[in-house]
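Below is the structure I would like to discuss, written out as structure tokens.
Chains here go by letter, A, B and C, matching the order in which they are written, and residues are numbered from 1 within each.
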Amino acid sequence: MKRNIRSNAIWLAIMIAGFVIMDGLEAAGLINTFIENAIVTVGINIILATGLNLIIGFAGQFSLGHAGFMAIGAYATGIITQQIASPLGFWLSMGIGIIIAIIAAIIIGVPTLRLRGDYLAIATMGASEIIRVIINNLKITNGPAGMFNIPQYATWPVVYVMVCITTIMIANFVHSRAGRAVMSVREDDIAAEAMGINTTKWKLAAFVFGAATAAIGGTLHASYIQTIAPGDFGIMNSISILIIVVLGGSGSLTGTILAAGVLGIIDTVLQNFGTLRMVIYALALILLMVFKPGGLLGRWELSFKKVNKKKGAPAE
Amino acid sequence: MSLLNVEHVTQQFGGLTAVDDVSMQIEKGELIALIGPNGAGKTTLFNMLTGVNTPTSGKITMETAKGTVDIAGKRTDQVAALGMSRTFQNIRLFSEMTVLDNIKIAMTHKSHENFIETMLRLPSFYKTEDAIDSKSRALLKDFNLDPYVRSTAGSLPYGLQRRVEIVRALATKPQLLFLDEPAAGMNPEETADLSAVIQRIRNEYGVTIILIEHDMSLVMKLAQRIYVLDHGSMIAEGTPAEISQNAEVVSAYLGGEVVAEGK
Amino acid sequence: MHTIIQQLINGLSLGSIYALLALGYTMVYGVIKLINFAHGDIYMLGAFWGYYVLKFWHLNFFVALLTAMVFCAILGVVIEFLAYRPLRHAPRITALITAIGVSYLLENGMSYLFGASARNFPQAIEQQNYHIGGFAISNIQVLILVTAIVLMLALQLVIKRSKMGKAMRAVAVDQDAAELMGINPNHVISFTFALGSALAGAAGVLIGLYYNTIDPLMGMTPGIKAFVAAVVGGIGSIPGASLGGFLIGILETIVQAVGLSAYKDAAVYIVLIIILLVMPSGIFGKRTKEKV
């Protein structure tokens, strides 16, 4: 009990310190719109990628449909905050986005999570594309043109707080009976079942949880950027979230946060390179993978618990 | 009533009958061996009994605290929750996780998981976690696995992996434990350790055990009763002494010198 | 009915292209279990090769087709050697991300070096429309279909009859065992990439001729569709990839023809999901149940 309180206190201190530093820099005028934009994007990517890491890295279910759930959150916010233009409307839209994403995740997950590996990946990718095509053809979503002038309630402090909350929730999930059950499915589902773990239930739990956080990411994205279109939520967007997960080390939340940050920095620096930007980005990605096949951190996690200090598991 | 009642179960895969009209009764506290040549259908029978496969026909029932329960058609995890646990012919540990976590996972289904409790880290969450932690450690210590608590399960030597797998099965608090060729690939020393472990599980933990084994000296030493399966059919049942004299069994094993040396 | 048959004819052309691409996916997947995300971009490079050969050297169409195949085969081998071989024993998802990186590199490298704009593919063969029994079919459609079928038959021959083909099948079943039998998996994998990439190159030139327009991002969508086709057919299965390709091509064309073009992608994915739910390993995929 005591060690937990101590470690939780350290985490809380880090979160508050991060906020204070950010606030100070903002007040001192050191952060311009461009940098703020980059930082908020990193934050949203952390939310999206930790959720996907839960599904891929911890539960071992290869989902390629994250952008679809993100789209649900984004459109829920786009539609609702244009009707109810108030912070209340914003939070309400986030809640509704989460609920719809959960329902969609159950509808998609129950049949498809029986599939294995790449078959699951391709099925979830297909499901996500179906969501996008539906959005593309609905009136309420304004079709292919997308939605503009979405009121901005997701300021950086809102995003910051949501990053902290979702990360804590996912970390708490992972470091619990639930987390162990989910990981046992990844390690060996047949043995897990024989040990009394309902593998279907836990696969779905991780999938639904991940989808819910994707919806939160979508809400924040829509409200911060203020413009959304179906094209923002395609296969390539699911893949860029996947890249963050694998680059950080699938199965390491710390790695995901680090990778989101690293990619954010690379992206910001490369802005000056014009058309060469994506070429360099692609080369960097290939080189990172070739030289760090297990991701930046493998399965290592930052921990402040003295007793429970885990050695980094060797990369797969 | 017997603890486990198997009545006329048959398992067909397409045109192949892997297990043909097999019946067996297991009493509480027994230590039973299931033997037979390779391909006789032993593992298939285990898979039916533990809910991995559903029998094509026949009935499997188990006596539990809540009365007689029909096993056939239940999911593996439901069967496990009823008090049946097993090990696998090819070790199936959660190999990238620690030995301790392997044991903790086996205890998961006994403790209620509450989402709010987990998310908010309420004191009750820590209470259950700590209880699982100390129970797991105690169990590992009891089988001399305490030095490996933090080791990655897959990194252990073969004999220890077998032992972890058996202890993990025991951690689900089973009434009935199925061991699928636990001595396969072991040297005589490891086999001796194993037989001590199996006997302790039966005597100290009061678990009924059924094992598939090819090592006849182990079978003859441990088993009270032996079932013999050949070509999917149960050809004999009896005490080790009876089985080693059984002509049909001897012929199934082609000469039967292996059986003879048992006693 | 008439429209449907007409669309079936049109769908065969698109289906041929998907089938040629799907074969590359399925072979590579069969041998090293990698979703070669950059495969669609090889097809793009094949189209560009054809474009330059035809436009600046004014060579014969078939020369363009054959040289594009050779060019892409070499490219495929080089990419495998540089980007995928170092990751042979890495987690599969790492290799997948690398393939995505290669895909980005080819797309953006082409945009950077040659410009991102779309360009007109030279009409090396003049289009002629035939009317047979009320159905319209062009010589280019016939060319695409015939070329695709010839290539598929040649592939089948290579895989079934040649020594390398046998080695390929052996590695696909069990790489370690194949190695013990004296097969060098590196050669086999290079050969597989060469074959698959050559087919993609041919598909690129054919699509250039059919659609008249090419650009550096042209490989993205067909690449994904062709992969879907390979999965529908049962990934790892050669006849499956051909069948899946035709199936997806025809489906897309028909959905478009009945006026639901906005939903054509959705239709493809719905069919994909339904097929996977009924046959979890695709139409011709081997159903492997894990042994307990």
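The rule we apply is simple: contacts are C-beta pairs under 8 Å (C-beta built on N, C-alpha and C of every residue); 3 or more make two chains touch, one makes a residue touch a chain.
Since this is a predicted model, take the numbers as computed values, not measurements.
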Touch graph of the chains shown: is it line, ring, star, complete or other?
complete
Relative to subunit A, which chain's C-alpha centre is the most remote?
B
Can you give the whole-Å distance between the Cα centres of subunit B and subunit C?
49
Quick one: subunit A and subunit B, Cα centre-to-centre, how many Å?
41
Would you kindly tell me how far, in whole Å, the mean C-alpha position of subunit C lies from that of subunit A?
32
Going by the contact rule already set, what residues in subunit A reach two or more other chains?
190, 316
Where in subunit B do residues touch two or more other chains at once?
52, 88
Among the residues of subunit C, which ones contact at least 2 other chains?
292
Could you please specify the touching residues of subunit B with respect to subunit A in the complex?
50, 52, 75-77, 80-81, 85-86, 88, 92-97, 101, 104-106, 108-111, 113, 115, 118-119, 121, 123, 125-126, 128-130, 132, 150, 152, 168-169, 171-172
Subunit A partner contacts - residues on subunit C that touch it in the complex:
29, 35, 83, 86-87, 90-91, 93-98, 100-105, 107-109, 111-112, 116, 220, 224, 227-228, 231, 235, 262-263, 265-266, 268-270, 272-273, 276-277, 280-281, 290, 292
Touching subunit B in the complex, subunit A uses residues 1, 4, 8, 169, 172-173, 176-178, 180-181, 183-184, 187-188, 190-199, 299, 311, 313-314, 316
So, in the complex, the side of subunit A touching subunit C is made of residues 56, 62, 111-112, 114-116, 118-119, 121-123, 125-127, 129-130, 133-134, 136-137, 190, 235-236, 239, 242-243, 246-247, 250, 275-276, 278-279, 281-283, 285-286, 289-290, 293-295, 315-316
For a test of understanding, state which residues of subunit B touch subunit C in their complex under the given definition.
43, 47, 52, 88-89
